[in-house]
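Chain lettering (A, B, C and D) follows the sequence in which the chains are written, and residue indices restart at 1 in each chain.
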Amino acid sequence: MTGFNFINPFGVSDEPGTYLGDFYTDNFEKKATAGNVILNLGPQHPSTHGVLRVLVELYGEYVLRAEPVLGYLHRMQEKMGEVKTPYQYLPNMGRVDYLNPIAWNWAFAGAVETLAGIEVPERAEYLRVIAAELNRVSSHLLWWGAFVMDLGGVTPILYAFEEREKLNDITQIVTGSRLTLNYFRFGGVGQDGDARFFKLIEEFIPYMRERLKMYTGLVTDNVIFRRRLEGVGPMDESLCLRYGATGPILRAAGVNYDTRLAIPYGVYDRLECPVPTGQPNDCFGRYMIRLLEIEASLTILERALASIPEGPTLVAKAPKPTYKLPAGEVYFAVEGARGQVGCHIVSDGGKTPYRVKLRAPGFSNLSLFAEAAQGTILADAIAILGSLDLVIPEVDR
Amino acid sequence: MDLSLVTFAQILVAVLAIIGLMVANAVVMVYVERKAAGFIQRRPGPYEVGPWGTIQAICDSMKLLAKQIFVPANVDWVLFFLAPVLAFFPVLLLFLPIPFGPYLTGLAVPDGIVLILAFAGFGVLSNLFAGWASNNKYGLLGAARAVSQSVAYEIPLILALLAIIFQTGSLSLTEIVEAQGSYPWQWNILVQPLAFFIYLVSLVGETNRAPFDLPEAESELTAGFHTEYSGMGFALFFLSEYANMLLVSFVCATFFLGGYKGPFLDGIWWTFIKAYLIMFFIVWIRWTFPRVRFDQLLNINWKWLLPLGLINLWITAIIVKLLP
Amino acid sequence: MIRAIWDNLKGLYSLLVGMKITLIFLFSPQKTVHYPRKTVERENLITYRGPLELTRGKTDPAVTRCISCQMCVKACPGHCLTVVKNPEKSVKAPIEWKYDFTLCCLCGACVETCPTSALAFSHRIYLVARTREELIFDLLADLKARVEETPVLPGEEGASAEAAQG
Amino acid sequence: MSDATRALSEGVKDLGALAVYRPDFGKQGLRLSAFLPGEALSRAAQFLREKGFTLLDVSTAEFQEGFLVTYHFDSFAEPCRLALRVLLEDKAKPTVPSVYPIFQGAEWHERESYDFFGVIFEGNPNLVPLLLPHDLPGPPPLRKKPDALASFAALGLFGEAEWISPGWPYAPAAAAPDAGEGAPQ
């Protein structure tokens, strides 16, 4: 009988020191300075958007070092590409990035079409542009809500969902689904839009412009919001180049690069898409770039609707499910909502592709977080993480 | 004041009534907050349980009562269980000196505001214990934030109240109410708008509500100091959060909005209407604004509210001296 | 100093703007659809592509158009279809048509490859199941049940008229 | 082939390339691709870094000849996508120097290849599994069975060769008669 234990009167608690970190924690701790707190943000954390895990070493509230740990949502999409025919693999593309499935549809379908030399009818190209831009708006809207939620404002995400709901209704007309859209076919698109489809888009464009004004009043001009973001997490051109960051991050860094214009695909070269740049390279700049991109997408939508020709939406001899790719190698990239979505296919002429490599923009964008978050406050690190617009299924593939 | 049997009985009755008030307030406010949040976000809020979801909050509290109390490994048991209790009980005392209506005061002490301000310090102690004891890094960070925030925001709060006390010349809440008239232009808010503003900002900071909810900032610290609490422990924190909100609203109504005095007929209803309007304001801004950063939070306090409060106090003192 | 004060005043004004916006929304009508009491309007519903169903036969609506050619089975990326041929060679219609919705990714490969357009997407958006087994459909029985329920379709469009009833 | 691409092709050649290919952009999506020996990789990466290129991804594939590590680069100032390839013939211990010191973003791409193929990148500061569990049993999952392996040289995967160094045995079947044997045995 020992004396009464004030710390543990019921004797229930474990022996101190029985907890062992896992592989990644141990690895991370080796380089830590004694006395600093090692914090495991995630994989279940409100602001890591799914199952990202970030190990951070904290000195007080300052982040000394951060290391993202991936793989909690890894599904080996690249292996699936090797065991399915291209036709069967195409629906997987909607699952790689569930917020921007059309861009991935386009990356894979475009890669196969480039390799096989399939011509896409004119009307299908326009429908692709329309679908891609609608999807970009929808992706940016969800990011907008989630980003403001990271900063503590809970309401805006539900306003963003109102618009997303309208967009889902529109894309549902041609794709039949609301989230993991599978719209593209090799040599065209799955379905032509009907009158209601075009009518709803035409109604959506002015509605969205009105709502953007409301967003400005509620969030963009809000002094708390601005002071949380201005000057936080600057990412300059050199950082983007070293890490291969693309998309709004790169454009906020002042580089006027957009795959839609730089390496045109589809009919983007005919639509003269506006590319917003010229914002500060901090979190606020990235926020503004995305809001301006919504507007730019609306403009592209207007132009595409004005000039869409009549005609077939699928090439006459469209590939069958058992379609074999000719031997060869191709790299095809499109501009997704988060950056350059690339698809590298190596085919040996067999039933299934020999190797499918998916270049996820989020993967490269997230890799710069470790450097960008160094020396910031924890709250700023969360803001930087949010401003990268991460979709973990895409990062992990 | 001699503590006779009558006074003792009075206190006992008042404490029981206040416990009832606190629980009822929490139930009502949970419902109101969720409904308001729902309507702001264009959804119905609680809807299915009872007519318009009215008994949702009661069902929630039943659930919390029935939940297993989970204790993580290596906690400091004494502090871990003391913290929610410490969060809840001091708030009881704080309601005692509040004049709810004419002659309706739990304990009409002559220096009631001193009692309130003194016991309000217990709140931060419970946050500190909760964060420290629960063997959780998020909790620890939350506790550290809670302490520096509460310590900081108490000062402008007191400065704002001091201006009114200077002006009235009394520490008794009843006298402060009596010094104001029945109509809005006779209330202190018009005499001391700056003090009212300072008080309004620091009451949000003091009660750890959004946009100043740094100790429990959910997107950074998951739930901050009460990350590891579930069931009854969490319910007590929840209860005390709403009780604290109610308390600062009552104090605000008493000091700035004329307390139980109002147009047509003075009475307890005016206190409650005013207090709940302020409560609604707190709820409203919670669902509107993003959260401030921690250094900004302290900057607002030390660089703006504190100097403003001092200047306000100084001017008040001079004017009170010059115009007796 | 003056500038900082002015900035902060402007900041306070921006807060008021935000509060006004939420106040307006507080009193504006809700956007939510209360599911059991209200449902989404029909024209929105019929564009939804739910689990597969067999289309009605041209001559006898209760007999499927399927000729057991196994094209859909080969095309399916998820291996969710099982079509058993009739052992009698003269009858083309299958004797069993199993569809495992738990494996289906709703890509439409089967619908697009079907040479007789015997397959279509249903619009059963409010589909509910308690077990996995309930999601393995026997489409031949399903077709029979639907034909018994509504022998003649009210509208001109085939399957899309039978919008979601559960 | 534009002047800029030609200059790049010359530059890569000077860095010790084994073979420089001239792909058809409309069919392959690349302006230039080159085979490099492993030791020339860092120099080539530095060369491209100075030209304003960025590393898009590192894509590995296993062939009969060995592991082929493909680095895709692109320039933001003047879009010109190109691929540098390193063939790792030692299948037992495929090793290639890391480009981490030049492109820090390569760390994750290289770790991914390490995960999927077991390619070892020397100089990567943190070569631990990234996407897969660290204790995954069995060989790396994207390695192929020996009978499923294809030969890129026999298939002529990478288009026409523009220039081939004399010692390079994997010239495409059609081109470059001066390069010794066309396809491997």
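Structural remarks
Going forward, a residue touches a chain if its C-beta (ideal position, glycine included) is under 8 Å from a C-beta of that chain, and two chains touch if they have at least 3 such contacts.
Predicted, not measured: the structure shown is a model, and the values here were computed from it.
Ranked by C-beta contact pairs, the top interface belongs to chains A-D. Seen from the Cα centre of chain D, the chain whose own Cα centre is farthest off is B.
Between the Cα centres of chain C and chain D there is a gap of 45 Å. Chain geometry summary: the mean Cα position of chain B and that of chain C are 50 Å apart.
For the pair chain A and chain C, the distance between C-alpha centroids works out to 26 Å.
Counting only residues that touch two or more partner chains, chain B has 40-43, 287-289. Within chain C, residues 8, 15, 18, 21-22, 25, 31 each touch two or more of the remaining chains.
Multi-chain contact residues of chain D (touching two or more other chains): none found. Every pair of chains meeting the contact definition is listed here: A-B, A-C, A-D, B-C. Taken together, the chain D residues at the contact with chain A in this complex read 26-30, 49, 52-57, 59, 61, 70, 72, 74, 76-77, 79, 81, 83, 103-105, 107-109, 116, 126, 128-135, 141-142, 150, 152, 155-158.
Taken in their complex, chain A has these residues touching chain B: 6-10, 12-14, 16, 18-19, 37, 39, 45-47, 58, 61, 148-155, 158-159, 162, 218-219, 222, 224-225, 227-228, 377-380, 382.
For chain A in complex with chain C, the residues that touch the partner chain are 84, 87-92, 95, 155, 159, 162, 165, 169, 172-173, 176-178, 180, 182, 185, 190, 196, 214, 217-219, 221-224, 227, 320-322.
Taken in their complex, chain A has these residues touching chain D: 23-24, 27, 67, 70-71, 74, 76, 78-79, 82, 111, 114-115, 117, 240-245, 250, 255, 257, 262-263, 327-333, 340, 342, 344, 346, 348-350, 354-355, 357, 359, 363-364, 367-368, 371, 396-397. Across the complex, chain A is touched by residues 8, 10-12, 14-15, 17-18, 20-22, 25, 31, 43-44, 47-49, 71, 74-77, 105-109, 112-113, 121 of chain C.
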